[in-house]
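In the two complexes below, chain A is the common chain; its partner is chain B in one and chain C in the other.
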Partner chain A sequence: MASAKGRLGRLKALLEEFYVSPYRGALARARREEDDLFMLFVFAELMGVPNPAAYYTLELQPLLLERFHEWHQRQGMEHSPLDGFRCC
Partner chain B sequence: MNAAVLAVLGLTMMFLGYRFYSKFIAEKIYQLDPDFVTPAHAQRDDIDYLPTNRVVLWGHHFTAVAGAAPIIGPGIAVIWGWLPAFLWVVVGTMFFAGVHDFGAVWASVRNKAQSVGSLTGDVVSPRARTLFMVVVFVLLMMVNAVFGVAISDAFQETPSSVIPAWTAVFVAVIIGVLIYRMHVPILWPTIVGTVILYAVIYLGEAVPISLSAGSFGLPVGAQWILILFLYAGIASLLPVWLLLQPRDYINGIQLFVGLGLLYGAVLIANPTIVAPAINPDLPASAPPLFPLLFVTIACGAISGFHGLVGSGTTSKQLDKETDARFVGYLGSTGEGALALVAIIAATAGFASLADWRLMYSEFGNGGMAAFVQGGARVVASGVGISEQFAATLLTVMAVLFAGTTMDAGVRLQRYIVQEWGTIYRIPVLQNGYVATGIAVTACLLLAFGAGGSSGEGGMLIWPLFGTTNQLLAGLTLMVISVMLVKLGRPVRYTLIPMVFITVAALGAALVQLTTLYREGGILYPLLWIDVVIVLLAILVMLEASSAFLRERRAAAAGAAA
Partner chain C sequence: MLDDLLTHALLFVGGKGGVGKTTTAASLALVAAARGRRCLLVSTDPAHSLADLFGRSIGNRTTELCPSLWALEIDPDRQADEHLATVKARMKGLVHPRSFAEIDRQLDLARLAPGTMEAAMLERVAEIMALAGSEYDQVIFDTAPTGHTVRLLSLPEVMAAWTDGLLGHRQRSAQLGSALRHLGGGRVKGDDLSMLDAAEDHDTGGRDAQLNDLLQARRRTFVRAREQLLDASHTAFLLVLNPDRLSVLETLKAHDMLTRFSVPVSGLIVNRVLPDDADGQFLEARRRQEARHLEEIDRVFATLPRVRVPLLPDDVHDMDTLRHLGHTILGPVSS
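Let's turn to the complex of A and B:
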C-alpha cells in the first residue's frame, strides 16, 4: 500500500515537473513584468507621476521597499530615482 | 514485406545506435565529463537554469521536437517507395540526428548554455550569426503556412475531427485555469482532460462539421486557413499559462499514447506493406530521389529545429554533462520512432497496391492524409476499434501537434517583429497586436500567394521548408565541428553529416528552382523564396570553409610553436 502511494506520489511529481519546467522561465518573466507594473503604481507619486490610486498604494510602500532596488535597476535607472529614498 | 518486422528492425537499429554509437561519441568525441559543472548548477536561478531529472528533460526534448513534421514528411516521401524513406529515417537518426541533437546540447552546455545562434557568432563569425537569424526567420514563416494548410486539409478530409480538435483548445484552457489559478494538483485535471479528449471523438463522429463552399466567396480550404490564422493570432497573444502550456502538456501525453497505440497495433495486426520497396512507376511530377528525399523527410532523420530546442532550453536544465547523451541522442531517436511508424502507416495501411497508387498519384500527395488513412486501418485491425474512430483519433492527434506549432510559431514571429521595432526604433512594431498582425499576414500571403485563392501554397513549399530546416542543421553541425577542431578532436563524425546535409539542401533548392520556374515563371513568389534559400546555402558553405581553414591554420601554428 505504502509503495503504491509512493509510486503515485512519484508519478504526480513527474507530471508536475513535466508540466511546469518548459515554461518556468516564461511564467517567471511574465509574473515579474506584472510585479514591475505594480511597483510603478506604488511609487509613481513619489517620482512625480500623478497616480489616482496613490491613497491605496501608499500603505503598500513599506512592504515593497526591499524589492525597490532591483526594480529601479530593471527599469534602467542605475540609482534610486527618489531623493528621499536612497537605496544605493 | 511484413510491417511488424520492419518496425522491430528499425527500432532495434535505432536502439543499437543509442547503445553503441552514441556511447562512442560521448566518450571519444564530445568526451563528456561527469564532474563538469553544468550551467544548470553554475548559473542556477531556479527559473531558466535548474537541474532537472533526465527522464523529464528527455520527455521535454522529445515532445518539443516531435510534432506534425515527422508525420507529414515521411507521408510524402514514401512516394519513392518504403525502402529509401526507411533507410534515411533509421540511418539518419543513428548517424545524423542523434549526433546533431546531442552535439547541440553539449556545445551549449560547454558555453554557458548559449543558444546555437549566439554560439555561431562566437565560434564561427558574426556574419554567420546573421546568416543563422535569417535562416530561422525564413523557417518560421514557412512552418506556419505549411501547418495551416495541413490542418485545413485534415479538417476537410476528416470532418469528424473538427469538434474534437477545437474541444482540445477548451480542455487546455480549463486545465490551465485549474492548475495555475486554482492550484488544483495536476493528476486529476490530467486524467479527466485526457478522458474528455478521447470521449469527445464520439461526438465528433456524430456531428461532423463541414464548411459550405463559396461562403464569403471563398473555397472551403481558404475559409479554414483564415479561421486557423485568426485563432493562431489570438492564441499567440494569450498568456502562456492559459493555453500554450496546457496544450503542450496535452500534446506530450497524446504523443506517448499515440505512439503506444500505433506500434501496439502494428505488432498485433502485423499488416503487409503494399507499397513497393522502390517505386518503379513514379508520377511525372515526382522530383529525383536525391536530393529531394533528404529535405522531404527533415524532421525524423535530422532537423535543424532540434538545435534551437537543445541549445535554447534543454542545455539550461541539464543536471550532469553525461545526461546530454540520454536527453539529446535519445530525444531525436524518439522522433525517429514517430517517423518510422508514419512510414509504416503510409505504406502498410492500404488494402492494395492500386489503393496506394491512388493516394500517391502526384508528388506532394499523401502526407498527413496517408498517415491518417493508413494508420486508421492498421489501428482498427490491431486494436479492434472502428476505422472511422481511429481515423478521427489520428487526425486529432496530428492536428493538435500542428496547431500547437502554429501557436508557438506565430508567437515567436511576433517577438521577432517586436524586436525589430526596438532595434530600429519603430514604436508601432513594438505593439503586440500590430506585430501579431504582421506575422499572421506574412504567413497568409505565403499560404495564398503560392497556391491562389485555395490557399494550397503551404504544401507546395513543404520541400522548401525541409530545405531551410536542413540548412539550419548544417549550421549547427558547423558550429559543433569548429568547436571540435579547436579542441583538437576528430571532426569527421560531425563534418561528414554537415557536408552531406548542406550539399543535399543546396541540390534540393537548385532542383526546385527549375521546377518552380517551369510552374509559375519569373514572377512566382516561391521562386524568389527559393533563390534566397540557394544564396543562404552557398553562404553557409563559404562560412563553413573559411572557419575550418582558419581553425586548421591556427591549430597547425599552435602545434609548430
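Let's turn to the complex of A and C:
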C-alpha cells in the first residue's frame, strides 16, 4: 500500500514535470532575455553604443561583473569584448 | 517689484554669459541674508566668479560669507572623481587583483566620456536642491549660461524616465523568476534548463536587491529634483538679460525651452540699462538703440514681471553696493 502510494506520487511528479517543463523553459528564456537587455543597457557605453546615463550605469557594473562572462558568450562573443573586463 | 522672489525656497538665476547673473544672484542672496533668512548661494558655472565678486576664496566647500550667508562653487571634476573612485573600489572588491590596472584604465576613460561632467553636476545640484527649505531657508543658484542650464534642468526628467525603464526590466525579470520558481525552476538538476537558471544561481549576497536599491535611489533623487523644479511655489526662475539684440534673442530661446520643460519663469531682470542722466552724444545714440530693445522686451515678455536695473558708474564688488542692487530688484523692503 505504502509502495503503491510512493509509485503514485512519483507518477504525479513525472506528469507534473511533463506538463510544466515547456512553460518553465519559455519563462526562463523570457527572463534571460530581460536580463540580457538590462546588461546591454548597463554596458552599452563600453561597447560604443551611446548611453544617456553612462555616469550612473557605472555604479551598477560592479554588481553585474559575475554575470558578464555568461552574457557576452550568449551574445555570440567568445571572449570579453571589453579591454577593461578580461574575464576570459 | 519682484518682492515675492525671496518667498521661494529655491531660486535660479540664469541668462547669457556676461549679462550680470552672478552679480544679480549675489545681491539677492545678500538681501535674503540681511532679512535673516539662512541663504546658500551656489555657482554652477564651470568658470566660477563668485569668489572674484566677493574677493575671497570659496571653492567646492560651503563657505560662510557673512551671518546667514554661505557660498559654494560646485566643482564637477571633483564630484566625478569621487563617484568614479567609489565605483573603482566596489569593482576591485569583486575581481582578481591582476585586473586592477585594467579597471583603472577603463574607468579613467569613462571619466573623459561626454556627459560625465554634466551628470556629476546634476548629481551635486540635486543634492543641494534637497537642502532648500530645510537646511537653508533660501538656496540661490547662479547658473551657467543658458544652454547649459536648460540642459541641466531637463536632465532630471530624462534620467527619471531612464531609471524607470531599467527598473521595468528588473521588475519583469523578477516576476518571471518568481513564476519560474512556482513551476519548480532550478530544482531539477542535470536537465538542459539548469543553465537557464544560472543567473539566479549566481545571485549570492542579494545582488539583485543591491541593483534595485541603487536604481531606486537614483530615481528618487531625479524625481524629487523634477518635482521641485515644477513647483512654482517652491522654485523661482529668474532670467537676466541686457538690452541688446543677442541677449534678447537668447532670453527668448531660454524662455521657450523652460516653458517646454514646464519650468515656470518668474521674472526678468533687464540689467545695465543706460540711466537717464548719462549724457553725451555717443550715449544719446546708444540710448535710442537701447530704447528699441527695451520696447521689444516689453512687447515679447509682456506677461512676465520685469525690473530694469541701471548701468552703474563703478564696478560692483562691495557688499553695500550689492545689497543696494538687491533692494532695487526686490523693491521697497517690506519686512
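The rule we apply is simple: the second predicted complex is superposed on the first by the 66 of 88 C-alpha atoms of A that agree within 3 Å, B and C clash if a C-alpha of one lies under 4 Å from a C-alpha of the other, contacts with A are read in each partner's own complex, and residues count from 1 in each chain.
We take it that contacts are C-beta pairs under 8 Å (C-beta built on N, C-alpha and C of every residue); 3 or more make two chains touch, one makes a residue touch a chain.
Just so you know, these numbers come straight off a predicted model, no measurement behind them.
Q: In the superposed arrangement, which partner chain does A:Ala30 touch: chain B (first), chain C (second), both, or neither?
A: Touch partners of A:Ala30: chain B and chain C.
Q: In this superposed model, does chain C or chain B come into contact with more residues of chain A?
A: C
Q: For A:Leu58, select first, second, both or neither according to whether it touches chain B, chain C, the two together, or no partner.
A: The answer is second: A:Leu58 touches chain C but not chain B.
Q: Identify the partner contact of A:Leu14: answer first if only chain B is touched, second if only chain C is, both if each is, neither if none is.
A: So A:Leu14 only meets chain B here.
Q: Following superposition on chain A, which residues of chain A contact chain B and also contact chain C?
A: On chain A, the overlap between the chain B and chain C contacts is residues 16-17, 21, 23-25, 27-30.
Q: In the complex, go through chain B and note every residue touching chain A.
A: For this pair, the touching residues of chain B are 47-48, 50, 52-53, 55-57, 59-60, 64, 179, 185-187, 190, 239-241, 244-246, 248-249, 252, 313, 317.
Q: Using the touch definition up top, name the residues of chain A that touch chain B in the complex.
A: Those residues of chain A that touch chain B are 8, 11-12, 14-19, 21-30.
Q: Where on chain C is chain A touching in the complex?
A: Going through chain C, the ones touching chain A are 80, 83-84, 86-87, 90-91, 93-95, 99, 102-103, 105-107, 110, 113, 115-116, 119-120, 123, 158-159, 162-163, 165-166, 169-170, 172-173, 176-177, 179-180, 183-185, 188, 191, 193, 196-199, 202, 207, 210-211, 214-215, 218.
Q: In their complex, what parts of chain A are in touch with chain C?
A: So the residues of chain A touching chain C come out as 16-17, 20-21, 23-25, 27-32, 34-35, 37-38, 41-42, 45-46, 52-56, 58-67, 70, 82-86.
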